[in-house]
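Each chain gets a letter, A, B and C, in the order it is written, and its residues are counted from 1.
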Amino acid sequence: MTELLPRARPDAISEERVRLAAEHVRLAYDEQVVVDDLDLELTEGSFTAIVGPNGCGKSTLLKALGRLLRPTSGQVLLDGRAIARTPTREVAKVLGLLPQTPVAPEGLTVGDLVARGRHPHQNWLRQWSRDDEAVVAEALSWTSMSELADRPVDALSGGQRQRAWISMALAQGTDLLLLDEPTTYLDLSHQIDVLDLVGRLHAERGRTVVVVLHDLNLAARYAQRLVAMKDGALVASGTPAEVLTEQLLADVFELEARVITDPVAGSPMVVPVRRLR
Amino acid sequence: MATTVDVPARGAARSPVRARRLGTLALLLVLVAAAALASIAVGTRSIGVGDVWAALVDSSLGTEEAVIVRQLRVPRTVLGLMVGAALGLAGALMQGHTRNPLGDPGLLGVTAGASLAVVLAISALGITTPSGYVWFAFAGALTGTVLVYAIGSAGPGGATPVTLALAGAALSALLYALVRAILVSDQQTLDSFRFWVVGSLAGRDAGIAWQVAPFLAVGVLLALLNAPALNLLGLGEDVARGLGQRIWLARAVGLAAVTLLCGAATAACGPIAFVGLVVPHAVRALTGPDHRWLLPCSALAGAALLLVADVVGRVVARPGELQVGIVLALIGAPFFIALVRRRRTAGL
Amino acid sequence: MSVAAPARPAGPGGAPRPPVRRGRAVRIGPVSALLRWRQLAVPAAGFAALVLVAALSMGRGDFPIGVGEVLRTLAGLGEGPQEFIVLELRAPRVVVGALVGLALGVSGALFQTFARNPLASPDTLGITTGASVGAVAAIVLSGSTSAGALLGGLGIPLAALLGALATGALLFGLTWRAGVDGYRLVLVGIALWSVGTALTDWLLTNAEIYDAASAYVWITGSLNARTWSDALPLTVAVVVLLPLALAASRVLTLLQFGDDTARGLGVRLAGAQTAVVLLAVGLVAFAVSAAGPITFVALVVPQIAVRLAGGARPPLLASGVLGALLVVGADLVTRTLLPQALPVGILTAAIGAPYLLWLLVRGRRRSTV
């Protein structure tokens, strides 16, 4: 059984190896430029969180990294190759992504939804192989969704639905995962649940993860590296302790805050005081 | 312009929005007045503005021009104003209630019901004049809508926009099947019906306007009363309910208004598509989604559009004329497509 | 919330798992698929019913022939006048009807899934209306203008085909903007529909009344006097386009998730959208050219099929088979049960519409595609 949520071999992980990179990208919707001349490198096996105020372009950047949005100039490289010139199906075998508010057709069951994640590995003859079934079962069990496989997606709670979608991204069997605000609309325990899941994928399966997050404390706790954006530009990048400084919070979020140490995880923790201005 | 509209106005941006709305209203009023004047002056025989004025102020003037103006052009123009306003208003209401750009009144069974009633009136009773059709068409339109609503709300989920639209499409298809069953075997009826079904202001006397006026008046009143509720419904039913809106009441008022407006318009002129579809889309780009502005402006724009189309129809095909329903489709469609292509998402 | 134990390895002899998806996996060598009995049973039962109804239909007429006799003749064991009546006089009509229904059903399912809108069908998107404009112009204008004479010279089926394809091309071209958005497709389609309807109505008002009457029969959709030569272009179209449509089925499933998810899963969006729209337009254009715009089949049949066969979108094969059954059945009814032979298009609406209404009233399922 080869493709079961493949674990990247620890000896093969090279933390210097750049998997995904943005080079001088300029991103725009119609005439409106959202991100301009941005550079970013994501190395193998890293867990990166992109943070920033609303409208700073972080979701737009994630879309470009996932080849959903073509840069008007500059390029995105996947394993050193221009992503725009790589067949989309090849990309889909390496890079999985979860949009912010994905829509499932009404009446679709969880099992069928997760099975769609196998699309890049299937063809017209090979529609539901043993591997497909095993990987989907595995993805369901990783996300604790096995019991709910027969339920329609639209009958799930918010937390379950999010896990179902993550399960689909898992079944895609890619070693890069891009997640756009996977914790939106979830209560705190389900946020922790989802991020634990993503963290385990990173730690135990060697996945390279990029996630857009709103909650700075959660981002600092789970990610190895934070990337802070403001007005479409990259402002800071580094470990959570390097990035989450009181000065940066003032500059980027216009927030006066104390940064203390999270008593549980040891990561920096933001305690807001008041909004500046 | 349309591209700048979707940014919600906040705080300081309030007065420019208001200015644009007032400007839109003023522009539309001017347009309606100009269209009405053109509709009176232009025709197979062009009449100068001076003669038009003379005929209007002096009711005893007996020149040929004056008689044409008073007995033909003015009634036709008044009817066009009424019907155009009704269709624009009904379209805005439908789109507001269904939150669906497909919310054309014709989908609710109005046109199909009126068509069947008119065909029956022609084939069974031998009626062949526009004024003879009015009550049949009106009754058919009402019956069609009520049936659609009854069926659309009979399902387990009640009347949702989707069940209503599906019920409307299905019932329309059934009624048209009956229409066609009669028409394929009855050439005489087809001969009269084909002139009704294109939708036209021609050959309608002043009596028709009077016949439908009371219904239009009630429809307009209900529509304007419905505006605040529609603003709430635009936020979703749950939010509207949370803000204290009785959903069923808002829906019932809206549906009654659409039925009266569309039924009366169809009764007077035959089915006229496109006004209800295209006008609210265009007006929304100028006024924004506030129905207190959108509804009256749609009514004005509908009236202006219908009159302009009617005038164009009289000019392009002299000495004959192109029916207003045809003209509307031919000028409305490219405009509509351009509008659709412009916007990234035509959110309602 | 507790996190499940890390995944256990699943060797070939591993412990049995709970089923991941409903249905039965079938695997032969490198070929594998998931089969669901309802999704097979519905087309199978529909096909059996189709054969029966078709045989019944070929038996009815001035010279009645039993079902068994018809089937024997179709199998090549017929003789003399019966063979001529069944194979030359009656079979073409039934075959055209079945193929038209098939093409309309599949085309409707493609459009409805693609646009994620149950009201999207070749009827509401203006394609059949475009065919009507072509056909009516050929009928009405052939005597009056030189352009009309040219159209009339093409013959009605070709004029209708050109009308439908031209409208399809317009629909596609006007909708295209770095991709085909389902929402934009529907709106542009509505606009084209309005123009087509207006032009048809206008042509009818300008026609001599006998031309108008025959044009009206055409736009209602009729199978009268169809011969093998009418069936040929449609047969070729179905043989070529249907397998392609079925092959596009997998991609269609993903298109339902919205653009971002579909692209994330490796779908070449622009190509897939183009293929789906072109297939749907092609099928409907040839169908309409052969029998006129038989109304309501493309709209109602996919909705019926998805309710019978289950699933999250109208199934293509079931839509096709049920479409064929509806058209052939409606044709049989018009010729036998009604006091006066009506064009089949009236009956497809009269049968299909109440059924959809009944489903709406009864159905537990909320009504979307």
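Worth pointing out:
Heads up, the rule we're going with is that a contact is a pair of C-beta atoms (placed from the backbone, for glycine too) under 8 Å apart; a residue touches a chain by one contact, two chains touch by 3 or more.
Given the structure is predicted, the values throughout are model-derived calculations rather than measurements.
In this view the innermost chain, defined by its CA centroid being closest to the centroid of all protein CA atoms, is C. Put simply, the chain farthest from chain C by mean CA position is A.
If each chain is reduced to the centroid of its CA atoms, chain A and chain C end up 42 Å from each other.
With centres set at the average Cα position, the gap from chain B to chain C is 33 Å. In whole angstrom, the spacing between the mean C-alpha positions of chain A and chain B is 49.
Shown for chain A are the residues that touch two or more other chains, of which there are none.
Each of the following residues of chain C touches two or more other chains: 366, 368.
Chain contact summary for the complex, chain B toward chain C: residues 101-102, 104, 107, 151-152, 154-157, 160, 162-163, 165-167, 169-171, 173-174, 176-178, 180-181, 183-185, 187, 190-191, 194-195, 197-198, 273-274, 277, 322-323, 325-326, 328-330, 332-334, 336-337, 340-341, 345-346. Residue ranges on chain A touching chain C, taken from their complex, read 1, 4-5, 63, 66-68, 87-93, 96-99, 102-109, 111-112, 114-117, 119-120, 122, 124-130, 132-134, 136-138, 140-144, 146-147, 149-150, 159, 172, 189-190, 193, 196-197, 200, 204. Remark: chain C residues 117-119, 124, 174, 177, 183-184, 186-188, 190-192, 194-195, 197-199, 201-202, 204-205, 209-210, 212-213, 216-217, 220, 295-296, 299-300, 303, 340, 342-343, 345-347, 349-350, 352-354, 356-357, 360-364, 366-368 touch chain B in the complex.
The touching residues of chain C, when paired with chain A in their complex, are 1-4, 6-7, 9-12, 17-22, 25, 27, 30-34, 116, 247, 250, 253-254, 256-261, 263-269, 310-313, 365-366, 368-369.
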